[in-house]
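What follows is a set of structures to go through.
There are two complexes below, and they share chain A, which is joined by chain B in the first and by chain C in the second.
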Partner chain A sequence: MGFLVFNFGPLLYSFFLSLTKYSIVREPVFQGLDNYVQIFTRDRLFWVAIEKTGYYAVVTVVVGLTCSLLLALLLDQKLLGTSLLRTFFFMPTLTPVVASVLIWGWIFQPDLGVLNFLLRSLGLPGPGWLQSVEWAMPALLVVALWGSVGGSRMVIFIAGLQGIPHELYEAAHIDGAGLWTRFRHVTIPLLTPTIFFNLVLGIIASLSVFQLAFVGTKGGPANATYFYVLHIYYRGFADSEMGYAAALAWIFFAIIMAFTGIQFWLQKRWVHYEGAPR
Partner chain B sequence: MPARLFRRRRFLAGLGALGAAGLLAACGGSSAPAAAPTTASTGSGAAPPSAPSAAPTTAPAAGGAQPTTAPAGGAATAPAAAAATTPAAAKPATGGAAPTPLRLHVRLGAEEDLWSQWLPKWEQENNAKVELVQSPGGEHVQKMQTLIAGGQLGDVVHNFTGDSSFQLFFASGVTIPLDKFIADEKYDLNQFYPFTIAITKLDGKVGGLPFKGHPSRVGIFYNRTLLEAAGAKVPTNDSTYDDLIEAAKKAHKPDAQQYGWSNPGLDSEWYILMSRFGGSKDIYSKDGTKSQLNDPEVQAGWTWTYEMFNKHKVGISPFSTNPDINQLFTTGKIALLRANVGTKAAFAQIKDFKWGMSVAPKGPKGQRGSLSQADVMGATKFSKTPDVAWKLVKGLCSKEAGIILGKQQGGSKSATPGGRPDVYESPDLLNLPFPEDVQKNTMFAMQNAEPFTQPANYRGPEIQRAIDPLYQELILDKSKADKAFYDRLHQAVQDILDKPKP
Partner chain C sequence: MSARVVRRAALYAVAAVLVAIFMGPFLWSLGSSLKTAREMTFYPPTLLPAAPRFQNYADVFGNPKVPMALFALNSIQVALLSVVGQVLSATVVAYGFSRFRFPYRNVLFVLLLSTLVMPREVLLIPNFLLFRYLGLFNTLTPLWLPSFFGGAFNVFLLRQFLMTLPPDLDEAAKIDGANSWTILWRILVPLCQPAIATVAIFTFLNHWNEFLEPLVYLSSTDKFTLALGLRFFQTQPNDAQEPRDQLLMAASLTMTAPVLLLFFACQRYFIRGIVMSGIKG
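On to the complex of A and B.
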């Protein structure tokens, strides 16, 4: 009942709004598919937002997943101080995004920031970072990866690694498998459900990026970090085009559903569930 | 076997009864004010708490209109027609009538002193209880929009001309015309600067009163210590734009983290001021339907700004957000900074160097290119006691409130005073301990502020976002200040001006 009233109801209503001209302060006026047509034919920023968000998602998912997995492999070892290191790597996740962007903003400040001070002391010219068209996106990626590589994704990987039966490694070792072969033929196949889980959530989270740009760059400079959710927000709340923003949100929903659907379809080919029939 | 005290059915029935009672209580909210403790002084003490809230809502109109009395139980159910009554004769609270509840939507922190120093007194004098609904500045308008969508907006709102929220709210009927109140009461609008009143009108109707007013980013803040050490001329109101270039050149020493010049970053008012640049033209045509960015006269200020950063190379990027350029000026790293005159409140803490503020030079056509701006207080259609809401609007835009605003300092407070001559010219503000001629020049700038302009379709924020990336390209030297750039800029603005109102 709660889902129907508080989730599904608003969801349906937002679809209705996407078919209207609705400025919030006036009543919605039905206009069919006009918003959708405008988005695909006349909204230049829609395509900019798609491009920037896609780029951000590819890098954060690929680099982020890889780094989280490597870190999990490292921290899964029974070494002195492992628990301390796990805590250390997990800590950035606990920092609110807004706070971390502000702190990184100081570090990235081109004229007075720590990073460029270090680069200059090495005789290297420091870029403009968040104020540079070329460097703003890499700078945001650094902030995003700093805050996510050691987070819950890594913890899930560690849990996945610890779920792999040790006997399999022993058997492989007896068969003469080296470190790389054991990783490739034991760890990776048995970890694929975990990778799949992290991949699905990672793609959804990275496509939904908002705070980083909203606080750090406002989508600039020159639209270099203009993400999709930022576009929805600006169109809805700054431009008072809530019907249009609802249409953007539904397109976004369709994109995410499509990606998730494709992943579920593809998983049959590469995800191995223990005990599942072959 | 003893009978069970609590059976499941009884328990469920009891739970249902409790729920129903809760629902009834929630639906009966309109009677709540009667029960609210009265804070007004009780002259006789004889009036029962359920007496009609006489003072705020029953004032007879000067023209003889019948009084609108709120029914027992408070003013919450008074019809919207109460707007016809005039508050002229409303008197301070007498008797034990419950205070009229009002909800006031304001920004969090920015006007803090007003709520502690002025509001309680107003409440007592008017037998009203004001609930402050505060939202962070960046989300204030969005919060109000959300409340409008849910029909939950309060009685009085603080909105803005610069982001078109005032125009949008008034044009769509969210805020109500105040002309009736003004006419009935013969309320004198001449107590405000004429241009601040002009801003609050749409189609000849007054949609609010100027809560605050300022001449925008016309201040040239200077670090006297730094300029004198560099052998540069300290700007005065008679300086020229060439003088600023020369001074900035002398003071600019980036290796020593010392910068000659900066100006506003992504800022719609700044875009208008760059377009004016002391000329007679504006970014928009007079009727707000055409971009004039294809006119060389309008482009001159943009080119001048471009050259400061990329030809003379004497500027530090205005896009620095952490620290921002105001913080950089405060720490003595910028010699000349063009900013809103109200920014002085943030500089009041400076102790390490001498600073001051002149007003922007006259441009090629002899004007300084300022921009009158106002924040507006308006009464909403949601108010059940619009006459009391009007009284609150008046109070918030009074001289007393305006001076308190102008004296604010520190934190996230804004020192922009009320948009009235008796506030700007008040000794209370002129004698504030700001250095050099800062206060005098602030008044001078306000007295000479040029008219406010806006897009006819109220799409100010959308136009700003269209300009933002192009302005960034210009300052970051990704585009030259040439015909191709101005063609793009002009077209980007015109495309939005061609859209209908939202």
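On to the complex of A and C.
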């Protein structure tokens, strides 16, 4: 089975590389854990990247999942034109990220952009968005959320909502449960497997953020949007430090595995599988 | 009863605001892509140009410094070859997992699924070095060749689908003298068409939008895909004095259009594919 060759072989090879000094033009030189020691003790940008990526991931996962669920709930209300609405919400997620960053870049344009025009007509100051240290990250978060909340996560939530038996709501209604109580005690528990699935994939996707910042800000200004994969890319492909970049990539791999492992371990406590022998 | 009416009205109001948020950027960029360079500098900005300037779209393709048509051809080549590769390999591998017993089958399948949560960034460096060693740096090959080795997600999707087809079909064909290949291509593949369409659509989409791999593997402009080439409109104006954001908008929409067309043409496969992926086997 050839796919294993393309996955596990390179995985081991990259671990070997991470133990070497390898600048592409010269042969790799084995140097033990030096790269890892250097990353943790002397690489200031590593910690910057961890911080920025962590912040980005927390916001996009928490806000993103909440918004996706709210959109799914709205589409589950059987309004007129629901399928048209779903299409509208879905279209941004189809837009290539490069294109959406460029489109939003024009909206965010500090002097002539439509967003600052709207803010100014409300009497608010228009920040420099992608050019500003404070506002570059929020701007990228807006683009990321615009391009993801109406996508596959929302569709999976809708499928999950439609899988909840109607009788349960009726039973709760007869017992005098209000709208919020029904949501809290019927919808949410029965939706936990769906939330779990979206959470696992959502965290992986948000930690891997790259082109949003690469196209939009190059990680700047002043490293305000310097994400982890940018660090791997710049060290590996701009500075040709393949061994060092491989070590960075392995740390990234370990972080993602740890998150995924923790979630699978925690899921026993909160994920509710209907009728599943657990 | 009236509380219910109020609630419905509020929901429609919310929906209208959301539509504005989600569709606004498309309308805004569409309007901007049809403006003249001078209209782009108007403040307050106008939503629509006085007269739509379709010439902008011709200019996107006619810029001597930016071979947009070549970018498009490269993107199409990579995306189509990847689709062919994924469909062929994922079908065969999924068939193997669903119909044959072999040692360590379940272990292998779990290993396959584990690659789903494996970040691609870990594989980027070793794969890059491999392709460079093979002399394929700055060619389109590294972008589509791995597709011929099956993708975990697609194998999973097709296997789930194949599992729903009764094995009696295979048995009947075997009695009629068909071998495994004939069974796969003549009987199972036609029945799997919806799942295969889903695989094809998502593969096309992923490769069309892919950015990191082309960035790493391609170095000369004539090899660039659209995702890479689009950035030239940020940095290489026709004339340094002239604002070129209208061309940037036109180019961005040009790259987005095929994806949206594909979506409108095959909407049900999209939704079905996503829902199938969400129901873990």
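What we mean here is this: the second predicted complex is superposed on the first by the 276 of 278 C-alpha atoms of A that agree within 3 Å, B and C clash if a C-alpha of one lies under 4 Å from a C-alpha of the other, contacts with A are read in each partner's own complex, and residues count from 1 in each chain.
Criterion: contacts are C-beta pairs under 8 Å (C-beta built on N, C-alpha and C of every residue); 3 or more make two chains touch, one makes a residue touch a chain.
Please read these numbers as outputs of a predicted model, since none were measured by experiment.
Taken together through their common chain A, the two structures put chain B and chain C in a clash.
Of the two partners chain B and chain C, more chain A residues are in touch with C.
Applying the stated contact rule after C-alpha superposition, one finds that A:Leu11 touches chain C and leaves chain B untouched. Contacts of A:Thr66 after superposition: neither chain B nor chain C is touched. In the overlay built on the shared chain, the residue A:Ser132 is in contact with chain B alone; chain C does not reach it. Judged by the touch definition given at the top, the superposed model places A:Ala238 against chain B, while chain C stays out of reach.
In the superposition on chain A, A:Thr181 makes contact with neither chain B nor chain C. Look at A:Leu102: by the touch rule set out above, it reaches both chain B and chain C.
In the superposition on chain A, A:Asp111 contacts both chain B and chain C. In the superposed three-chain arrangement, chain B is struck by just one stretch of chain C from 39-47, 219-227 or 273-281, namely 219-227. The interface of chain A with chain B overlaps its interface with chain C at residues 102, 106, 109, 111-112, 237, 242.
Partner chain A is touched in their complex by these residues of chain B: 141-142, 145-146, 148-149, 168-169, 172-174, 254, 257, 259, 266, 316-317, 319-323, 328, 333, 459, 461-462, 465, 468-470, 472-473, 476, 478, 502. Residues 23-26, 102, 105-106, 109-112, 128, 130-133, 216, 218, 220-223, 234, 237-242 of chain A are the ones touching chain B in the complex. Put simply, chain A touches chain C in their complex at residues 1-11, 13-14, 17, 71, 74, 77, 79, 85, 87-92, 94-100, 102-104, 106-107, 109, 111-114, 117, 121, 146, 150, 152, 155-156, 159-160, 194, 197, 200, 204, 207-208, 210-211, 214-215, 229, 232-233, 236-237, 242, 245-246, 249-250, 252-253, 256-257, 260. Against chain A, in their complex, chain C makes its touches with residues 8, 11-12, 14-15, 18-19, 21-23, 25-26, 28-29, 32, 40-45, 89, 93, 96, 108, 111-112, 115, 117-130, 146, 148-152, 155, 205, 208-209, 211-212, 215-216, 226-227, 230-231, 233-234, 245, 248-249, 251-253, 255-256, 259-260, 263, 267, 270-271, 274-275, 277-280.
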